[in-house]
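These are the structures, in structure tokens.
Each of the next two complexes has chain A plus one other chain: chain B in the first, chain C in the second.
Entry: the complex of A and B
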């Protein structure tokens, strides 16, 4: 299922060639922007990955994917045509508008929870039915279903502003080892450099002793804490071997993606995916615009528009987009009604999200909202549908596959939902 | 088996209607835990495990090798109770409580308006004197900057990120009422009927006149109160236009009338020293009194729940700030018992901690009984002790003690003009920290949470692992240098003795025969660099889960 991860030297070589030499330069690109056929085939056979770009707090669908200019709730911004004939998006997204033929946008999301505190984890866990167990986040689920525990790059990485750490709670009932490696501000921890007196032999010896002690201590105890602690060391060892992933970005890259947090974090996520990470979640905060919604979106939307469009274009040209599923979303949309503070509040009833890449049909807008943007006017899709679709695009049979937890079979995605066929390529 | 479950349910019903035998609180705790354990409970922890656990919980540091040997050698039947009493009267007790409550109350926010020294003095004094919990919370909320001994309490407000009244309201609700009412700022809680927007606004009405002001004479920040003249108006974002209003009101209580004074009669003291006049009506002072009344069940239950969490590793209500009908306590009758008894004992913190520590529930082993799968024992059953992660402070103190550098670090004075910051240090701009305050700052920077994030769960991070692997300071403590454990052991020729010393010093217990043999073999294999081998083994123990967890 995963040729690259067979660790055959040829694959290693091809991949290094592709990533190290060809991507980023025009050397391997033909006149039409496609990779030469041999390399492109090689890329296609490689592993599939997911990049989830998360706009925490809730981007307004009116100011992004589903503009309603000139209507009661439309707000001050206009809509612009896109590379998809007849499809318009907000004028705040001119770069993304030019990439629409690579994207699938769902305008008919209708979910349940209007709270951040419960809504964020609920959406990121796929809102499973309450079964008395805590479901894994999407990244942890993917690490379980598609991950390689021997991978040199952690399966589930979380690039986020603020502090980093190992967030084992994301693993839910799957266990701590499926948690997220959070890279605070996208940076590796400072202690990635080993002092010269600790050579490879010493390092191996002391870590073997440590593991031996932990194995004995774990015996007949609840394993969660020990496993989480052990995982944190395993990750450290892996990361030490891949320090090269955190070198500075070039001025050209920063110019193209933006030198702000989100631009850098998308660049960092891109690098991690290209190096073989299975799932990267890239968070941006401060989208909760209860007040001053329009000025805030005027400031914020360009910060996602430019790097997102650049990413899609770059990955299309390199062929990576065939292997990476990119998901751009929030926990909900924002209210049609504009409050007295010129803000929009939480609105799970009718909102939009975007998918692109691996296994996803290109150039597609699914569903529509009523003319005033208040309600979904076509079939409503819940987060469960999106989980099924993402699993399906990754080649996982979401209707058949089950987790087994304490002897209990559990569906991997909400059993009342199915994959959205229209979205699947 | 359905029938067994049915019978079990009947038993629960019978028990819940039963009148419990009276006795010391710790026995009543055990009755209530065991009656609904749902399976076999673990044996009591070994003496070594108990000593380490209770030393960490009550004194914030692992025991010395001498303490381990003395306690394990003691044949007295009351030795656990005596140990608890000794730890509760040791000077380290106040320090440990200061660390615990500083983390809980400030959540590692980094404001510097009030010095850490003043804040620490306030906390340590309070716990050293065993101030009752209600009185402690009152002094925190009163924030009396004029009091020479306790003026550091003002830090809770002015440096806790609570300059804004919404943050103040939310944090007081979370920390003292177990209510996370963040979303009630804009509307009633959508799923928890108990959390209304009026609760939020009512609580805020006690606080929204509190602002910082600078006392010109004392050069100190005061938290003064402006004149409260009117109720606070609000509306739900889901019901715009429907204006409501409330004066100060505690959740579930009656609203307080804002008194009207004739003009010129509103103040009890005129403005002076750069501070505004003191109004006769001061809602925050009222809050300090009303919130902490014994009849305020939420306040009492939140307090005992947090002390329970501190000792047992998980709240009876968990998460701690989600105390509401949709998230009931795992043992509701136990929560009420603790609350009632805490009130009956006048909020005596040491008494409560002592009773918790005396309970078998606290003293149980973290090892699951034979024949039971560890994952089949629900955490909230308390049948097996819950492993707690060491806090940043516990980690720092304990690592210094077991490597043998603690005394030296304490004795080394901090150079008055050198300012240590984590950022400068990790960027190579500063030498290794050698004194206590810089060293602790380093540990807190690595092992503490980011500012504003409560420290409840064990969250080991890769950054911490990298620190333990590669930080020069840690490696120096484990090297053969002046006064370290490794230095002492390198001249010990008998390998079994080296094994015993390493285990007693670092893991606070004697090694098993298997463990001794393992170490003897390792030293044997590494005869040509024996000191390095001892150092590597010490490193492995220091970075083991057994050390990093309070189990």
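Entry: the complex of A and C
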């Protein structure tokens, strides 16, 4: 029996829980790594970050990046011009429209999975060919490929609504140490404050004891398990030292980004990235508008429009946008057909996503859909293309670099896909 | 004919190639007009089945209403437009239009019983009162959510408006003085993890003797994504604002009661929405369960014919497989349809052949 395995991936996060959850997922850690260590060192020497903003459930492409007003499936919203001449987006995105010259939008996404349960991990793992292994999520992959274990901030942080915890499953075959540190509601670990009765001397003593026990534990187990255990503890310790990252936002910040969940979470993600986090995934739930799609998008889209536009503008002005790649997407788009509850269902056949920042060409709309928005009318792009492109933008040779898992070389992105050169700066 | 909703039967189904939302009989009883998702009004002559499109709205039409002069028809749209048409003419040009009657969506419209006033409401949370010629009379601010429903009092001296967050307000006409508010927050849900308000007072109906006010929608919504909830009508004693009963459909459904109307005997007809179907239900004011129910696909509006013996509903009609994913070729991927059913609210007369047997 493995006493360390936790069957609840999203429990409340604390140092103790991190210790308890991580090691169980470390089974199978072995000779995982890049085939070429020199490449790995080169990658890790660069200071680049990724912010993935994930609208879980699927934002409608019609009501965002690819409006088709006046057409059979277009819905009630109109299209507005953007800062890119000739390019229009939904009227629900007036702030983002003014930042379009900083963005690249792909309107010709065509993916394979129409279900959430399989589609979300499939998309976030890059939908690789089935090789009998579980691939890492993009954040875990990035932590492996570019992460710095000495970084003051954990490499892969997941800002999400609800509860937090250590989500070791995201590490896939790379192992638990590459899992996501989830900050429930963007808040710090619940035990971030050391109890007042524990002074520096006591704290040092208990850390020494922990290390001693780990050393004994290591003698009886595979080293990788202990490494994972240690790294999870260090992850918690790092954040404990950075309480400054979790102070209240100013009224001005909340006015600019919005005081709702997504506004706050994007602000929190921005802080973490600016503090040195390699990869932050900022998650928003409840975009799965099978009913009342139009009333819901009327209220939902402004919640991403305003903070996203503010983020892009702020990072452009500060120069951060040159070093941070921002990816805004869902697991699929929504059906052209309007259903019996005035909703739109899941539509992987033709949808849109947005990239901006580090390594990405600015002011670009790639691909198009048919006039009625139902199908892709140009080259179709799968999520594998996006993984290649993100890796490429981050300076990773996605066609050359490989993972090495138990002697098996594994491509870091789908081998039938390539980077989208048009998107790369 | 004796009104008997338990014997309701339909002999007319009008199908259109786009979903139909609002629908109403003309006061003369000869036409039925419906709003379709292709931005047009569709007018059917009930005698000949001839259809004419009234085109001009730049987006979806939120609602429509007939003036009692048997000539004018009004409609509002999701860009804030207010249009006036001569529905007796084939020409599709509006008599006049106000393209920015409201900021953002104009969702609902109602005509005062004598035809002196037109009331509109929408996403700017303001009820606006107009003359029948479209001149502004007054604005009634105060709602804190989108205005989803409007109904004039039968005496024409006040107006009721219902909103997204479960408030119903009664306004004096034409002054706009707020007479009172009704708490219908049972029809609104906003849980801590929701990104949006769900539900709202989707429909209002007041009976001819003005002692009953029905407020329709749904309660206990589970999420802002699928928006599943329990359809509900709250029946109020209009005089003292007390709750008389909570009416629920007998057919399983998960969406709001979108539209209601009182019949001459104060039976309430209501139509709801549901992912797996819904119902046209008939309730007595004090009985939670309907006295009769007809299973339908999702319905959007119910309207009583001027003869008080017929009822029209607009409803969803699937056009090929829906749901997630493609399940169709480009040639067979089509929008869903809309249907208007016309029900007779009395026992179906026996035809000659039946009588012979």
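Throughout what follows, the second predicted complex is superposed on the first by the 360 of 425 C-alpha atoms of A that agree within 3 Å, B and C clash if a C-alpha of one lies under 4 Å from a C-alpha of the other, contacts with A are read in each partner's own complex, and residues count from 1 in each chain.
By definition in this document, a contact is a pair of C-beta atoms (placed from the backbone, for glycine too) under 8 Å apart; a residue touches a chain by one contact, two chains touch by 3 or more.
A quick note: this is a predicted structure, and the numbers were derived from the prediction, not measured.
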item	value
Which superposed partner A:287 touches (first chain B, second chain C, both, neither)	second
Touching partner for A:295 - first (chain B), second (chain C), both, neither	second
Touching partner for A:355 - first (chain B), second (chain C), both, neither	neither
First, second, both or neither for A:311, with chain B first and chain C second	neither
Partner chain in contact with A:375 - chain B first, chain C second, else both or neither	second
Comparison of chain B and chain C by chain A residues contacted	B
First (chain B), second (chain C), both or neither touched by A:202	first
Partner chain(s) touched by A:324 [first = chain B, second = chain C, both, neither]	neither
Touching partner for A:214 - first (chain B), second (chain C), both, neither	first
Partner chain in contact with A:303 - chain B first, chain C second, else both or neither	second
Overlap of the chain B and chain C footprints on chain A, listed as residue numbers	114-115, 162, 290, 337, 339-340, 345
Chain B contact footprint on chain A (complex, rising order)	114-118, 162-169, 181-182, 184, 189-195, 197-198, 202-203, 205-207, 209-210, 212-214, 216-218, 220-223, 225-226, 228-233, 235-236, 239-240, 290, 337, 339-340, 345, 406
Sites on chain B touched by chain A in the complex	180, 182-183, 186, 190-191, 237, 240, 366-368, 370, 374-377, 379, 384, 386-387, 389, 426-427, 449-450, 453, 457-467, 469-472, 475, 515, 518, 522, 532, 536-537, 539-541, 543-546, 548-549, 551
Partner chain C, residues of chain A touching it in the complex	57, 69-70, 72-73, 75-78, 114-115, 161-162, 260-262, 284-292, 295-296, 298-300, 303, 335-343, 345-349, 370, 374-375
Touching residues on chain C, where the partner in the complex is chain A	18-19, 37-39, 58-60, 78-79, 105, 123, 146, 193-198, 223-228, 254-255, 273-275, 277, 297-298, 316, 318, 322-326, 330, 333, 335-336
